[in-house]
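One chain, chain A, links the two complexes that follow: it is found with chain B in the first and with chain C in the second.
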Partner chain A sequence: MTRWTVVAEQESRDLWIGGRGPVLVFGFSVLLSAMTYLAATNQAMNFLEQREAVNLTVQVGLAVGVLLTVVVSADAISGERERGTFEALLLTPVSRRAIVVGKLAAAMTMWLACLAVTLPYLWVLGRGVAGAGQAALLALTVGTLVAVGLGGIGMLFSGWTNSNKTSLAGGLLLLLVLFAPTQLPALPRTGFGQVLTRINPIGSALHYVSQILVGRRGWTNDLSYLAAPVVVALVVVAVLIAAGPRLVRLTAGLR
Partner chain B sequence: MNLLSLIATVVMASPTITMNQDQLTAQLGQTLTVESVVSESGPAIAHLNVVSLDGVYVDLEDWTQDVTQPVPAGRETQLDWEFQAVNPGHFAVYVVLIPRSGALVAGPPVHITVSPRQTLDTGGALPVAIAVPALLGAAALIGRLRRAARA
Partner chain C sequence: MATIEAIGLSKRYGARNALDGLTFAADAGEVIGLLGPNGAGKTTTIRLLTTILEPTGGTFAVAGVPSDQPHRIRRRIGVLPESAGYPARQTGAEYLRYAARLFGSSRHDARAVAGRLLTDVGLGDRAGARISTYSRGMKQRLGIARALVNDPAVVFLDEPTLGLDPAGQREILSTIAAIAERRGATVVLSTHTLTEVEQVSGSVLILDHGRLRAAGPLAGIVAGAGSLSAAFLDLTGESGHD
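Here is the complex of A and B:
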């Protein structure tokens, strides 16, 4: 087993056996249950709106799943500093890069758990419109890209600060800034809106998903919209690996 | 109206539209294709329209993404129209020709009966909406209780 997988395994165990992972996922499932029940009780829902319900579930699953991933990753380093448990981890015979990669991999298990929880709801809402399988595959591919990118940014915040509150606030503020433009209905239709949507990893990912699930376009038609999530994920992982030794310190700072 | 178009109007026969069928039945969500042939037309634009015969509101954008097609000048132009039945009920689908000059020409309607298909209901959603949080909540609770017992 490579070093980073040892760290990932230990961190995942801390998250899911001793930590808050199960409680966060439980809250996530309550949210999706409420949404699904409301959608199913809508007697006037027609065929197209059912596809939109599947799309909404993917979008909420992606947004909240990424939010929970950022919450976990933003706690990864600054949380250990605050709790005074980082010293023990630094004394283990693993490189600092392996610690960073292992912690990011553990944070990604939160996203995968959210995805697994979303699947039964997609199945219920997508029955009969052949949308459930496609929606699940979209959530897995597009959502994982967004989760890696933004989870990695959360970890960068965590490495740069000594306070857990600061890194969590930074991560959540970033998500808010990226998510807010997606709620403006007229944005993608203007030239400036197009640019803003394409450079926003969340906005472009949600737009791509909608185009396939509701617009019934092919997977390759709007592939350019995935440029931002792919670039952000690659750049963030590269920065984390390159800056790993500087991030994983007992105290944050440039020293 | 200039002299040339006046002559063209007098000389050319008036355009006609024919459809390849006059009645269709479909299930909600089914994709259908009808074929229209525009004859004796100058350059024009053909437009597809969907009307509910039950008074239900029809959003044309939901039914089809391609509602207009250009028609070149010629004896016969075949146009295929693909659309999806997104509302249950009785509908008429027809094509209107908008020539560069002159009056609109409407084709015969294709009557479509769309039968409803209930795929989403409270009964189907409720077990999942209850079971998933219940299982996850139980798992979280059991985990906490086991940890507390060990401590």
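Here is the complex of A and C:
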């Protein structure tokens, strides 16, 4: 087992055994239950088409799952600095890059847990339209791309600051800025509105998902909408690996 | 053979000199006391020699490994950092197993090392208890056990007895002496308590405002001033230390 996997394994244990992982996922499941109940009742009253209900669940699962991933990743470095446990990790021969990769991998378990919780809701809402399996696959692929990208940005914030509150606030503010436009009903679908949607990794990912689930388009028809999530994920991981030695220091900003 | 060699080691933070031209050497099996008032540069010295900070000047080698190979130095050293934090939810055994695995031990070896070290520092019966239930003294002993997890050639202990009662201090000091005697490791002991240095150290470094004021065998430094306390006060202009 290579060193990053040792870091990832222990960080995951700290998150899930006695940590805040189970509490966050419980809150997530309560939210999803309420949302699914509303979607199901609206569907029963013909206010919401079945595919739209599935799409809504995927979108909420993706947005909140990514949010929780950012909450975990934003704590990864600055949180250890605050708790005074970081120096012991830095004193081991594990490379700074392995520490970053291990911590990011552990944060991704939060996204995978949220995805696992979402699956039964998709199955309940999507029965009969063959949409549940497709929705699950979409959530896995598109959601993982967005979670890696934005979770990685949360970790960058965490490395740049000594304060956990600052890194958390930075990560959540970024999410808010990216997520808010997706909820604007009047965002134009051409010109500037189209550009805004395409450069926004969350907006473009949600658009891509809804085109397949609701618009019944093929997976390859709107593939260009995945450019932003793919580019953000690749660039952020590359920056994390390249800047690992500068990010993973006892105190942010000092050498 | 010298296990620590520092030549002109310096660290600046902006205009402030935290450490200025430190030169010294320490041999295997030696316990070297690192003394100085607050802000003298003791913790900076340890953080430089343990590769946590990068020096702005000078060179050093630890356990024969030059300073430009920090990951190799970290393989050969054990450190109890100043005011080290501990993951409250982990057990003592889990904490040491994780440390051992980070140093490359297999799962099986890590378990064996953790069990042995916990017994060595008197925490064998609390191995499965969460660290949050440990007293301060127990946490310090756990920290020392962690510093020994890779069988280091050089051990750095930064204020290991801070906040401990006399019995706890005595236990830690006997552990430090045992590390040097039985393992043959060089121990760098940073402390404010001069009596501790007198009990376990063979040689001393005295720092003040980032500069080395005295270095050498304890007997030689004490002989000139009558006592270590008097020598310390003469060299640093401090009062109020024991």
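The rule is simple: the second predicted complex is superposed on the first by the 244 of 255 C-alpha atoms of A that agree within 3 Å, B and C clash if a C-alpha of one lies under 4 Å from a C-alpha of the other, contacts with A are read in each partner's own complex, and residues count from 1 in each chain.
Convention: a contact is a pair of C-beta atoms (placed from the backbone, for glycine too) under 8 Å apart; a residue touches a chain by one contact, two chains touch by 3 or more.
Quick caveat: nothing in here was measured; it's all calculated off a predicted structure.
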{"item": "Chain C versus chain B on the shared chain A, clash or fit after superposition", "value": "fit"}
{"item": "Contacts of A:P93 with chain B and chain C, given as first, second, both or neither", "value": "second"}
{"item": "Contacts of A:A40 with chain B and chain C, given as first, second, both or neither", "value": "first"}
{"item": "A:G84 touches, of chain B and chain C: first, second, both or neither?", "value": "second"}
{"item": "First (chain B), second (chain C), both or neither touched by A:R127", "value": "first"}
{"item": "Which of chain B and chain C A:D14 touches, first, second, both or neither", "value": "second"}
{"item": "Touching partner for A:A242 - first (chain B), second (chain C), both, neither", "value": "neither"}
{"item": "First, second, both or neither for A:V23, with chain B first and chain C second", "value": "first"}
{"item": "When both partners are placed on the shared chain, which of chain B and chain C touches more of chain A", "value": "B"}
{"item": "Chain B and chain C, minimum CA distance [Å, superposed model]", "value": "5"}
{"item": "Contacts on chain A seen with chain B and repeated with chain C across the two complexes", "value": "17-18"}
{"item": "List of chain C residues in touch with chain A within their complex", "value": "13, 47, 50, 52-54, 71-72, 74-75, 77, 79, 81, 83-87, 89-90, 94, 98-99, 101-104, 146"}
{"item": "Residues on chain A engaged by chain C in the complex (per definition of touch)", "value": "3, 6-7, 10, 13-14, 17-19, 83-95, 250, 254-255"}
{"item": "Residue ranges of chain B in contact with chain A within the complex", "value": "28-29, 62, 65, 84-88, 117, 119-122, 124-126, 128-130, 132-133, 136-137, 139-140, 143, 147"}
{"item": "Chain A - residues contacting chain B, complex", "value": "17-18, 22-23, 25-26, 29-30, 32-34, 36-37, 39-41, 45-48, 50, 53, 117, 120-121, 123-125, 127-129, 215"}
